[in-house]
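What follows are several structures.
Shared between the two complexes below is subunit A, which pairs with subunit B and subunit C, respectively.
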Partner chain A sequence: MDYSQFLHMPEEASLLAVILILFLADLFMCKEPKDGETISQKPSAINVVAIGLLSIHTLINLLPCCNGCMQATEAFGGMYQHTPMMTVIKSVLNIGTLVVFLMANSWLRRPENIVKQGEFYLVTLFTLLGMYFMISSGHFLMFFIGLELASVPMAALVAYDKYRYESAEAGAKFILLALFSSALLVYGLSLIYGATGTLYYSSVGALFSGDTLLSVIGLTFFLSGMGFKISLVPFHLWTADTYQGAPTVVTAYLSVISKSSAAFVLFTVLVKAFAGDSLMAEWNTGLYWIIIASITLANIFAIQQQNLKRFMAFSAISQAGYIVLGIMGGTAQGMTSIVFYILVYMVANLGAFAVINVIEQNSGKIRIDDYDGLYETNPHLSFIMTLCLFSLAGIPPFAGMFSKFFIFMAAFNAGYHWLVLIALINTVLSLYYYLLIVKAMYIKKNEHPIAQFQSDGYTRAALVICTTGVVVLGIGGVFYNYIDTLSYGIDKMLGAL
Partner chain B sequence: MNFLSIFVLIPLLMLLGLWLARDQKSIRGVMVAGSTCLLILSAVLTVLFLQERAAGNTAEMLFTASFDWITPLHIKYSVGVDGISVAMLLLSSVIVFTGTFVSWYMNKEYFLWFTLLSAGVYGFFISIDMFTMFMFYEVALIPMYLLIGVWGTGPKEYAAMKLTLMLMGGSAFLMCGIFGIFYGAGGQTMDILDIAHQQNGAHLIDIAQQHIWFPLTFAGFGVLGALFPFHTWSPDGHASAPTAVSMLHAGVLMKLGGYGCFRIAMFLMPQGAQDLGWIFLVLTGISVVYGAFSACVQTDLKYINAYSSVSHCGLVLFGILMVNQVAATGAVLQMLSHGLTTALFFALIGMIYGRTHTRDIREMSGLMRIMPFLSVCYVIAGLANLGLPGFSGFIAEMTIFVGSFANADTFHRVLTIAACTSIVVTAVYILRLVGKILYGVSTNEEHLKLDDAHWEERFAVICLIGTIAALGSAPWWVSNMIDSGVAPVVEHITAFAANTNLNPFM
Partner chain C sequence: MIELNYILIVSAIMMFAGIFGFLTRRSTLAILLSIELMLNSADINFAVFNRMLYGQSGNTEGFFFTLFSIAITAAESAIAIAIMVNIYRLIKDTSVDKLTKMKW
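Moving on to the complex of A and B:
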């Protein structure tokens, strides 16, 4: 075996190194408790190590030009594929995970969590590694291993607050539905294998020219499995309960990192393995209705929510609909707009979750009417929340308007004019419910508002990253321009991949 | 860096200054300094522009500059001005300047959103790239939500939400229209001038496509221009907004609608405008008359003025839809005139409301003796609004009606005559209002203790009246400037629109 092949996968290698170092550090960094103290009262410095290592990992892998991977490569006979665009999307996920780690700190410092701080970082990084493999897969088997690595530890994260029954319940719901959808997906893969005799994307793509019954059923099962991961309607039923029950930090991770990576993978697999003309028409039709259903239903449900985490769950479903809009037609422009949308959605959504989390940790309040009059007591947090919500709603000059404009433009260019119009009308609906929160914070009066508090340094760092992103990403056109130089679609596939 | 960008830069610096400001005095300092700079800048721009034109520069847009922004999508940051935009910039500066004095006692957050709104307005008028224009357009819309919601009066939450959602709904259609124009014209440029000039004798945008995208774009901008039946946000929004916001919104923001309809919808899709313009012409005709009649039956001062705005802004769209140089020049003059008079009206209503704490005309009478200055100014505003010669309203309405009657066919003439009735109805509600609240004997004991306008209020009001009178008595310098801007657009539309007679009334 040619061991130099591992050099083609620098991101995975470096993340694995981070995981191993962190594992060892966690073993030895536990401080000896003094007399009369239990171990749970001694916070270790593992958070500094985790954040530091992940930052180093993020920096060295930041851009394709930094780690010498400007060329598209493959390893292990095509099981593992790598394009510069994948480095970009992995860097986006890295930054998101870093923000999640920063905001997780105040939650991990609670007495019941101190003893298992290290596990949180490790399990999260394992899911991230799974997403890496999923993104870089060139073979359905590799894809499935990545998917499972990304889902199973996630259930542990969802059930992390095991003393709260909602968290445990959410974990059970998540794992059952995740496995069910995995089963569907594997069944779909087996049909694909039966029809073509291979699981390599490129070979499947070459053999799947017509829409035979097997290929359509295989495609349907594949789409439903991915629809579960991205939480698209009608595969979204787990989302609200899981988001509500999971610890807020994990909800943030689920709603951004997990969803975004799956959306990107859906794009790459569809354009590689299901690119045949008639098959492409099939998945475009399927996604067409899935998008309309996701955006519209999620918006209608979001309006009625009172719990902010449930609210964010429905908002995330409708945002997923917008992300998938970029897949329509499978164009290079679509890929650019998806990656840009993911980047912008990530900073905005994580910023909103950071505010929700820090308020929950300090006051235990999570309902929208608890936020009444927040501006009077915590003006800075309210302001950041407003920026993030405006970005999610697509209000300029914040980045969300740019990403929405670009993704609608891509779908419009692919010929889906009515779909774009429906999505645009839905943005007005979504603006309504985002404004409900702004209204609560600024306009409504409250006799017992959330008390004034100082947020911790880590949360502030997370908020600074998110706010900077929300303000800079759109106005600085360089981000979109750079991503565009690396993207590819059906019309412009990079090399042999 | 082109000097037009300073129009956006100053509000941004003002935002920074406001953010750093600690007490009321420095907040006022920043606002007065910034808005004075903007006023001087737009005066300088007007002088430079007139000099260039006098020197024989006949380019469609002057002082243009263009920077690559998002290259793969051909989005640029392009700026440039013609006669119409210079006039609009001047109007915006006057309103922002006087609006600052009217909202003298407001706090820092209010001024932050107010300044952000004005940044959007300035950006919109200097842009000639569709994306940049659209971005600034939305920047100008969203601060309204908080300005009305937090600092408004009456059913403010309802009004703020209604206004924001209706305007954003309009901009959703607009965004679709912009995509249609961009890809219909080949997807190579977002620059308005480039798209217009690429059509060498033929339609760059397919006619069938123009029939889809023209109504979307026109209706999208028309929502902001209070086009019937999308005008319902306007009375509620204006009635609930704080004084200076009503001024800025009715005075400047509603003009964004008319400007956009003219500059994007009609300029880029001449055939669409020719074939489907009649639908919107009927709708604006309804706006004009319906707005005037609605104003007659209102009892709230602000509602009266809001419906009057619907009527007068209807005239703006009415004028540009006539596709005729005189009428279109009149429409732009009407934008200026209505912007100034309605701002004056809202300022005075705010000042009266601040003293009497009611806007119900049934509860007020005899104010002339109690606050003579405000009352005299109110009479002047009323007379300017109903189009008395010597004020700007007369010039504008006269030009529009003369221009639109020049269309020889029955359809346009009947509509013109119908719209003319609004002048009479305007006189009815203005004179009734003035007679009711200003003259007679005050029946409310409390009102006798009230004082007249303070110095900053007097200053703002005198500035506005001065501008209105200047525009009314010496309109030629501004109308020539506007004419030079309108002419190429109207010529372009008439040159590219073949008469296909889709209008069933002709």
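Moving on to the complex of A and C:
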């Protein structure tokens, strides 16, 4: 075997190194506090190690020229594929995970979690590794292993608060439905294998010319499996319960990192493996109705929610609909706009979750009514929350407006005019419920508002990253152009087929 | 030699028995069993397609998928059962009828 092939996968190697070092560090650093000993407020060693290592990993991967990943390569006979666009999406996921780690600190500092801090970091990084493999897969086996590596530890994360019943219930709902959907997915893959005799995306794409019964059944099972991961509407029923019950930090991770990687993979697999003209028409029709249902139903449900995490769950379902809008037609422009949308959605959503998390850790309050009069006591947090919600809704000066614009443009150019119109109307609808929270914070009066508190340094760092992202990413389209120059990878992919 | 169709019919019956069990059973452990049934039916499909249709040219992708799938399924069941044990500790019950604190 040619071991130099591992050099083609620098991101995975670097993340694996981080995981191994962290695993050893956790053995020696995570000490259980003795009886009567209070937990000191100074940062514990494992937090610093985890955040430091992940920062180094993120920075190394952000330097594009140093690891030779600016050209498309493949390893292990095409099972592992790599394009520059994949480096970008992996870097985006890295930054998101880093922000999640920063905001996790105040939660991990609680007495019941202090002995298992290292586990949180490790399990989270394992899911990230799974997403890497899933993104870079060129073969359905690799894709399946990555998908499971990304979703099985995720169930452990969701049920992480062992003493809280809601967390356990959320974990049970998540793992049962995840298993169900992956069973459907594997059955679909087995039919694809039966029809073509291969599982390489490129060979499957070449052999699947017509819409035979087997190929359409395989496509349907595949779409439902991925729809579960992205939480699109007919497959979204787990989302609200899991998001509400899971620890807020895990909810943030689930709603951004997990969802974005799955959306990216859905795009690449659909374009590579289901590329025949008639099949393309099939999945475009399927996605068309899925998108309309996701955006509209999620908006209607979001308006009625009182629990803020549940509210964010429905908001996330609707945002997933917008992300998938970029897949329509399978164009290179769609690819660029999806990656840009994911980046912007990530900073805005993580910013909102960072605020929710820090307020929950300090006051235990999670309902929208509790946020009444927040501006009086915590003006800075209210302001950041407002920025993030405006960006999620797509109000002009912030990045969210541009990302929505690019996504709509891509779908419009692909010829889906009515779909774009429906999505636009829904954007206005979504503005209503995002503004409900802003109204609660700024205008409503409250006799017992959330008391003023000082958030910890890690959370502040996370908030700074998110706020900067929300304000800066929209300016000048520099980031969009950068991503666009890289999207030749998918052009080549499309050309090859 | 048994024809391909018969084995595919068996695996399809297993698959839909699993789906039926997933939707109708009230105990989480029975639901887990139904999911195992579904996953195993897909494994049978892979092995059979490989053995009967594509085995001549030395293609072993189907067998390998089966092997990996079995390993992954075992890991998933371990996590799922761990979560069920935790739920049992908290509410002394594992019926899905009791897992209804969060809805709508």
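Here is the rule we use: the second predicted complex is superposed on the first by the 469 of 497 C-alpha atoms of A that agree within 3 Å, B and C clash if a C-alpha of one lies under 4 Å from a C-alpha of the other, contacts with A are read in each partner's own complex, and residues count from 1 in each chain.
What we mean here is this: a residue touches a chain if its C-beta (ideal position, glycine included) is under 8 Å from a C-beta of that chain, and two chains touch if they have at least 3 such contacts.
No experiment lies behind these values; they were computed from the predicted model shown.
A.B. asks: So, does A:Phe144 touch the first partner subunit B, the second partner subunit C, both, or neither?
C.D. replies: A:Phe144 sits against subunit C, while subunit B stays out of touch.
A.B. asks: Specify the partner with more touching residues on subunit A, choosing between subunit B and subunit C.
C.D. replies: C
A.B. asks: Kindly classify A:Thr198 by the partners it touches after superposition: subunit B alone (first), subunit C alone (second), both, or neither?
C.D. replies: Only subunit C; A:Thr198 stays clear of subunit B.
A.B. asks: After superposition on the shared chain, which partner residues are touched by A:Leu435: those of subunit B (first), subunit C (second), both, or neither?
C.D. replies: Only subunit B is touched by A:Leu435; subunit C is not.
A.B. asks: Should A:Phe408 be classified as contacting the first partner (subunit B), the second (subunit C), both, or neither?
C.D. replies: In the superposition, A:Phe408 contacts subunit B only.
A.B. asks: Once the structures are superposed on A, label A:Ala183 by its partner contacts, choosing first (subunit B), second (subunit C), both or neither.
C.D. replies: In the superposed model, A:Ala183 contacts subunit C only, not subunit B.
A.B. asks: Between subunit B and subunit C, whom does A:Ala168 touch in the aligned arrangement: first, second, both, or neither?
C.D. replies: In the superposition, A:Ala168 touches subunit C alone.
A.B. asks: Who does A:Leu125 touch here: subunit B (first), subunit C (second), both, or neither?
C.D. replies: Neither partner.
A.B. asks: Could you tell me which stretches of subunit A are touched by subunit B in one complex and by subunit C in the other?
C.D. replies: On subunit A, the subunit B and subunit C contacts do not overlap at all.
A.B. asks: Which residues of subunit A touch subunit B in their complex?
C.D. replies: Touching subunit B: residues 333, 336, 390, 395-397, 401, 405-406, 408-409, 412-413, 417, 420-421, 424-425, 427-428, 431-432, 435, 438-439, 442-443, 477, 480-481, 484 of subunit A.
A.B. asks: For subunit C, which residues count as touching subunit A in their complex?
C.D. replies: Subunit C reaches subunit A through residues 15, 18, 22, 28, 31-32, 35, 38-39, 41-43, 45-46, 49-50, 53-54, 59, 61-62, 64-65, 68-69, 72, 75-76, 79-80, 82-84, 86-87, 90-91, 99, 101-104.
A.B. asks: Show me the residue ranges of subunit A that touch subunit C in the complex, using the header's touch definition.
C.D. replies: 140-141, 144-145, 148, 152-153, 155-156, 159, 162-163, 165-166, 168-173, 175-176, 178-180, 182-184, 186-187, 189-191, 193-194, 197-199, 240-241, 244-245
A.B. asks: Which of the residues in subunit B end up touching subunit A in this complex?
C.D. replies: Residue positions touching the partner: 68-73, 75, 131, 134-136, 138-139, 142, 145-146, 149-150, 156-157, 160-161, 164-165, 168-169, 172-173, 175-176, 179-180, 182-183, 187.
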